[in-house]
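Each of the two complexes below includes subunit A, the first together with subunit B, the second together with subunit C.
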Partner chain A sequence: MKINRRDFLKMGGGAGAAVALGGGFWKWSQFPVAEKPNAPGVEKWIPTICGQCMGGCGILVRVIDGWAVNIAGNPLHPVNRGTLCPKGIAGLQGLYDPDRIRTPLKRIGKRGEGQWQPISWVEALQMVTSSLKELRKNGESYQLMVLGGKYRGLMRSLWERFLEAFGSPNYIDNQFQWEGTPTEGLFLTQGIYSTPAYDLENVQYLLSFGSELLESYWSPVQVLRAYGYFRRGKPGQRGKLVQIEPRLSITGIKADEWIPIQPGAEGILALGIAHMIIKEGLYKKDFASNHTFGFEGWTDENGKEHLGFKEFILSEYEPNVVSKKTGVPVDTVIRLAREFATNQPSLAIGYRDRPFHQMAVSVLNGLTGSIDTTGGILIPRNVPYQAFPPFKKDTIAQKGLDKERIDGGKGLRRVIHQPYLFAQNVLSGRPYKPKALFLYYTNPLFSNPKPDLFSKAFAEIPFIVSFSPYMDDSTHFADLVLPDHTPLERWQDDPLFLNNGFPVLGIRQPVVEPLYQTKATGDVLLTIAKLLGGEFRTALPWNDFKEVMAYGFKGIFEAKRGDVFGLQFEEAWTRLLQRGGWWAPSYKTTEELWKLIQERGGWWDPLYDFGEWERIFQTPSKKFEFYAQGLKRLASSPLSKSNGDPSFLPHWEEPKKMSDEKLYPLHLHIFKTMAVTGSRNANQPWLSENFGPHLLERWITWVEINPHTAKELGISEGDWVWVESTFGKIQAKARLYQGAMPDVVNIPFGLGHASGGRWAKDLGANPYHLLGDDLDPLTGNPIQRSPRVKIYKA
Partner chain B sequence: MHRWGMVIDLDKCSGCQACVVACHAENNIGIIGPEESAKGRTISWIELIPYIEGEYPHIKARLLPRPCMHCDHPPCTKVCPVNATYKNEEGLVAQINYRCIGCRYCTTACPYTVKYFNWYAPQWPKEMKGSLNRDVSIRTKGVVEKCTFCSHRLLKAREKVKAEGRDLLPEDYIPACVQACPGGAMYFGDLNDPFSTVSTLSRERRAFRLMEDLGTEPKVYYLSEGM
Partner chain C sequence: MRKAIIVVGAVILLIASLAFAQLLPEDPTKGSRLFVNKGCVRCHALKGDGGKIGPDFGRVDFGNTQIDLAAKLWNHIPSMNIGMEQARMIKPNLTGQEFTEISAYLYFLKFFDEPGDATRGRSIFNEKGCSSCHPLSGKGKEGEPGLDQFPQNISPVFLTQSIWNHGPVMIAHMVKLGMKWPVFEGTEMMDLLDYIKVNAKGAKETAFITPGNPKEGKQVFAAKGCIKCHAVRGEGGKEAEDLGKRAKTFYKSLTQITSIMWNKGPAVLGKMSQTQIGIPKFTPKEMADLIAYLYFLHFIDEPGNPVNGKKIFSESGCSKCHGVDGKPGELMTLSLSKYQKAGNSMDIVASLWNHSTEIEKAMKGKGISWPRFKKGELADLLEFIRTPKKKP
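After this line comes the complex of A and B, so read on.
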């Protein structure tokens, strides 16, 4: 069969995808292999994975004379298919950031003074190793903590393996709550503590409960591509989007309907909708009877009768009750329920609210049976890495691992990580105080609410090592900095999945020689392991991180599934064969796989197996749970005061009154924008310059106020104002915005770094300083997302 | 002869600004910084323009990516005293930086406000200089710049197809913004070819152009949101 360019375009599906795919600039056959030396004047496009966020997009970096000069999407990578988001393109400014840390740094002078002495790697590694040896010698191995941020793949396994060999149970995930996906909702209903895939392309009716889909989804390009397809990809079937949110966000602007709601009340609206769906009998009865648990009342093995979800919802969440709490009219609640239940496939998607509010959104999908269906919630398979080789823990390690975790969780893997309890326990010294803290890919002094709590905790820890390539708010308080390579300079794997549930493994490879005296943290860990000797040699037998990847990838080969990225017709072929039980990949050996993965950017398994219920429902009942039985497994932590049935059913938890409502009359809603999301892209002018497009705001932090409210407060457009809560105050520029509710003001998160590069330090303000630290018992994260504030002219 | 044009489907556009940043990277647009930005001196060849109308809670809001319209009857070229801006035979409104005297008549004449003046010579820290795009010249102080539809890519594509001894195909030449667009909302091509994607879409029911009453005949079409 001969296929010409024009046929390609036709196959591309959406014309946009076709343009990118057939693009004469980047035919895959022209991809050079990265390991070729860089000849002068030669232009190359090297495939790698973007490191600007967790999105996992494949990129091609244009390299001329050893300089990376442009970044484009990799048309073969199924996550982004040749396209990018603004952050991805600004990856160049992450690499060539003039304020990068260029050598290991040792603190001189007091903590936080910002006085550093550049030292050699030999000396730096010596410092770390000797203090680690000291800890083990004194039997204090468990007092080493690793605070890890947002990244994926074998690097995480490597950290865990390192701590296991070292003897510390304290790897603490600082993936801060609101930045995550509604993980707890999935755990309570389906027993899986991770991120589900939303088959957004095929949704007909998308009901978003405050999900910042078009601004800060975990994989932005995937969701934006899906959005284009959702709207116009299916001829004659335009997907409908309803956004329920306290503020008119970009998602709200693009939605067909924006429903303003009191902050934090999204969950109760979801329950009101559930009430109407049940009352009108619009739920999917066969799904409810075959695949769910706790919908009707039930009796446990002790003969005790339990309340069913149906009964509970029908009695508690009448539309008029819901309307009173949310400010959403009764007829809207009824209409949404009817629209949601009748426009199939429909999907409800929330944000990482309090666990039972997430569950309230999740059960809507249970009612319509949008679980494991086209246009529903999918549970992707994992990328089949080869497991790390077994090793024998020495006695020090064993003793250390038997200790209680500092944040109250248990064991290494099957835990809910509670960074806030970590910080609080460091201060209280119970169960013990840490002796050393490693910071990897995290900046808690900036990106966690109430950053002061973490600064105070940091002051209690005698030895802090940061692996950040950039100076940031937390690294500023470290004693030693071992700068990592930036993503464009290092080897790394990036396992993730697509909206349609296909697992994908992207490969990040260096596109340029490291610019400075930095080292990949994976390599540094392996070197430290070598220096520590003993059991570390069998626990971490590799010389560098590339070897770890090659080791893990053997599992990919042995899984006998999937193929390396290819053109779309090749993929269709792979899928067809695999459905028929055949597997005919483009590679015959692991070496070939390794080589092809580098050339094309990665591997994937373009098949989703529907109906494997044991994978979809990992709850005790092996069903979708309207009654969260799985919670009992975790309920060792003080979960709910009352242990009655309603505390296991989706319910609304009335927020605690935080402060005097008269003194602080307004709610604060904190949001994110597409361009500026967090710490790692703080010093990239292309992004700060495009911070707030809907108000044409750049480089500063603003506060959105409803014009009527502003008039009452005597505040005019462009005034500088103080926004004050009981926990702190920040200065921002007042912007009158019709998309702000009269009693809610909105501030974007992103600026306000106390330390960092020339385009980050002291620009704007950080609204997280306005938040408190009242913790949710299940997640260990702060409850109060919307504190009360007052505003006055500065 | 080609007549290059663009179509932007607002129903697929999510307002992410990938086009804006892709343009910055492709065309060596200077880093303006917070102080100068506050004076309104930001340069953005393509910019996301918000239109927010109505009062809470009944608001009509639109986000519109706005490049140079490459008008068939451009008001800007008529006022240029030195012929630094002109419409070429393929319909691209071009700008010759070294001929520009910085009078800014064109910035005033353009009803779409797509022309930007360089108040200073663009500055980059020395660490970043090597990563500039070698295909696009850096502007100097006192000249006006604007979107070129990445015409340097057209020049490269022409050379390439000549070397390969074939005709220029639609996929040989697309601007950086269109290439980056994640929603697949932007299309680019030859409006003279009645079968090209852009021509087909420009005749669609949803198609409109900005300020059509001015008679500028823009070659950027928008497709409205909704059914």
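After this line comes the complex of A and C, so read on.
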């Protein structure tokens, strides 16, 4: 065989490539290889919904010969109108993650050892079904529980229906608190425990109390588009943004004014602003007298007199008192009050902290009447799904449903779930211990303070099933894994709303055939129901989740409003019609609606109905409550220091000291960046590569320290340091940041997974390990200002 | 013999004119999809939403007959061509059917009201004496429903329908109370409706209904006996005025048409009560269709005059290229004989539109100025083009 120069060079190139791949070529071999290199493929662009965060953006996936190769924004989808954030663009990395779970797995070693045996779906379903049958046979149906994460749509209804037919009251939300906006303030003042719409496009003065508006809002693309309009969309009217927070975030940098404040003191500043608005008579008196409760003192049905908000605030929150607690000058407090009250429409948006601190921010909107008005807080109508058909519960189900939910489930707990309390109750065995736990879209071992509490609780549960497509920290402790499809492989509905309150229903449809032996959890649930037989067949009569969606969507047709997605012009046309009482949709039948929804990406109703007060105020008084009657009626135990009138009025409480301030002199402030959404996405290298763009940090966890503080501590830029609290310590890279307050250090959340595949495992650190159990009794969330740390070189 | 020829000729003309007659649209909103799909929206906006190159159609008066609307379009073709060239747009081709749908859609735009003002509505409610019978809550002296009992999500059509259906009772109560029948003008009815909406707490009715179907509205007009008193272009009773003669009056928004019906209420209801049929009741759909029919009365063209059309054909310079009386044109020979088979004048209009760039280019080349048509001229011209010609 004769080898010429060209052949020699070819061989050299091949060998070089093999060396460069470091023997890891098998890792790449799972990527598609064209049968005929360079042959043109069949191209399609398929509309679906991004699954990278809760934003609900519409995407178009470019598919060539059955392989998804690119993602672009869907210009028809009203949430993002063709634009995307870095997470959306990286979406394919979730699909092609080489460490995805490819088949059902059965644990063969000890829990947490990571020893798994791939099994067939038949065997896996057999395992689940026999375990569930056993529970029902023994009258223990209530001991099945589901921990569900943050997701939307009919899948939640399906889980609830399944548990209802099974006989368990135990669906518990373990929604990572940073994957949505804080909602407790809205719950206390308006009786609604879900995210409201903020009409950001039309607001004139935006007072943000630590809201992560421009870096990690729940719907980042939507809010960035709104921000552009807020600043430049109205000729001659540039909206003003004031950011109040301990750290100079991207939002703070972009704002007209950044007001640094002690962590957790935002609430008392809001009360100081309220004080000045009332004192100077700048509040909207019409709104206060017609639509609010508890502004003035009042007498209850037993003749007992109660303190009003006005009197309380005027006596307790003088600007000088507020200034001392917050470090914000008195003049600034007064100026902010005047600006907020006189630049209408104005809007105050809140931060994550104790409910009555959030309530302090919410009442500012009540004072200026920025509720259900253009540029204010809007309460969107729900997407009008058809209700599931009725069914008859059997005796076992009825008995099981009569049991108490493990985390309490009465009063406030019926509304506000507490996974933390669930873990504690599992350990104590009160009211009872669960025998089977299903984990769906949640990773409690990563996203809760004191993760060891959850791992101990998991150890008490005999059978744990995870439906995660990835081996996350919690799935690692499961007995059985039934891997879900990734968002690009499954059917799913995605109901949400726009900033202007318009309800939107996006549709997620498979853009590729499933890459592995995975199944959509909705389909799995329906199969299990079939295998269980009996009343399950009438309770869950559908064959697959697509049928569930088609069933639910009939309600949309019957609501006789809205239309499928279209261009902005079509939005204007639909709105013009609906304003006049007309409806002329693009479809005439439910079949046409279903077809067009798939072609265009969804349905929406571009009209907001103002003045429907029953929808806006769902409090006992059917008004905006300055005095939280709802909380008072539901709370079975004191939620703050006392149980007098001030506990039900917005007020501020100094958190209890968890550690010695001399030993732990610094406040800890945890923040989120745009790339890694809470507990998701860390398995995607493009995103870890963009973890901290403002400091050009990637793949690691850093701690932001004020340069003066760092100098005092003998820490230089780039040093590796230990950050230690009384509860634990983590290692991080020191970054000297002028935007850090001298007594506050800032650490990003998102890395530090103990599992999750090659791109996530053991990279960075989880700052939640520094948090103790000083949690809010109502929400179970960490209390701001409470955690203190010290720093020293590693 | 001569008489017979005249009669046969008249019958043929009648049949021909019936065959060519423009049909009332069934779904005037259908054109909205074409408006987007054909790219009109890239140049034209609707009340601010859409392109900025051409005029905003939400602010243009389209109160013309269908063919006059087409004439308006024809007159603007040169400037449209410039605009499209600047925007690097390819002019969309349209069929006659598509042209019909788009023109009906544009004509329909005025029908849709902007929301009223509830504050003004409150003053109107008190000034017009509505509050004498309808309290904000509870019942009135004679058992009239308070505003809180009005259905929520009420649409103007529901209001029109209930005003009509309850008209006689309302009149009787007002007579008893010695009240004058209030008259509504401008947007007063819309403001009033908004005030009612704010205070309505009754059952939630269907929020919206499909815009009326003018074709079915014509049937409602006949079935409910309106036609017995009112003729439309000569067809129908003679007791009341021919609505065809004042068709332009109905080129108004829904609530303005409702106001007209309300204002005439006592007179109309009084007369109808004396007829054998009595006062008819309407469902919301019937009312929507009827109002849409009245609205579209003006849209339908009177038959064109081919004699006048021939004159325009020559004067506008068409004959220079297309010839006339079987003779070829002076400049070129482009026969229009195929249009003698056109069932709908919109087919010819669509063809004119589709070839407008070539026509304009050829005309420029030959130094012929772009002809502009006045009201009624295009209808005559189209009638001439469509009329079968004698063979030379």
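In this text, the second predicted complex is superposed on the first by the 738 of 794 C-alpha atoms of A that agree within 3 Å, B and C clash if a C-alpha of one lies under 4 Å from a C-alpha of the other, contacts with A are read in each partner's own complex, and residues count from 1 in each chain.
In this section, a residue touches a chain if its C-beta (ideal position, glycine included) is under 8 Å from a C-beta of that chain, and two chains touch if they have at least 3 such contacts.
The structure presented is a predicted model; accordingly, all values stated were derived computationally and were not measured.
Of the two partner chains placed by the overlay, only subunit B lies in contact with A:R231; subunit C stays clear of it. In the superposition on chain A, contact of A:C85 is made with subunit B only, not with subunit C.
Looking at the superposed arrangement, the partner reaching more residues of subunit A, out of subunit B and subunit C, is B.
Once the two complexes are laid over each other on the shared chain, residue contacts for A:L695 go to subunit B alone; subunit C is not touched.
By the touch criterion defined above, A:M127 reaches neither subunit B nor subunit C. Contacts of A:V723 after superposition on the shared chain: neither subunit B nor subunit C is touched. Legend: residue contacts after superposition of the two complexes on their common chain; A:L241 is shown touching neither subunit B nor subunit C. Counting contacts by the rule stated earlier, no residue of subunit A appears in both its interface with subunit B and its interface with subunit C. Against subunit A, the residues of subunit B that register as touching in their complex are 9, 11-18, 20-22, 24-26, 31-34, 37-38, 42, 48, 50, 52, 54-57, 59, 61-63, 125-128, 130-134, 157, 160, 169-172, 174, 178-188, 197, 226-227.
The part of subunit C that touches subunit A in the complex is made up of residues 27, 29, 32-33, 35-36, 41, 45-50, 58, 111-115, 154-158, 197-198, 206-211, 253-254.
Contact residues on subunit A toward subunit B in their complex (touch as defined above): 5, 9, 14-17, 19-20, 22-25, 64-65, 67-73, 80, 82-90, 92-93, 95-98, 214, 220-221, 224-225, 227-229, 231-232, 238, 248, 250, 253-254, 256, 258, 260, 515, 674-675, 685-690, 693-696, 698-700, 706-708, 737-742, 759, 763.
The residues of subunit A lying in touch with subunit C in their complex are 559-561, 566-573, 576-584, 586, 611.
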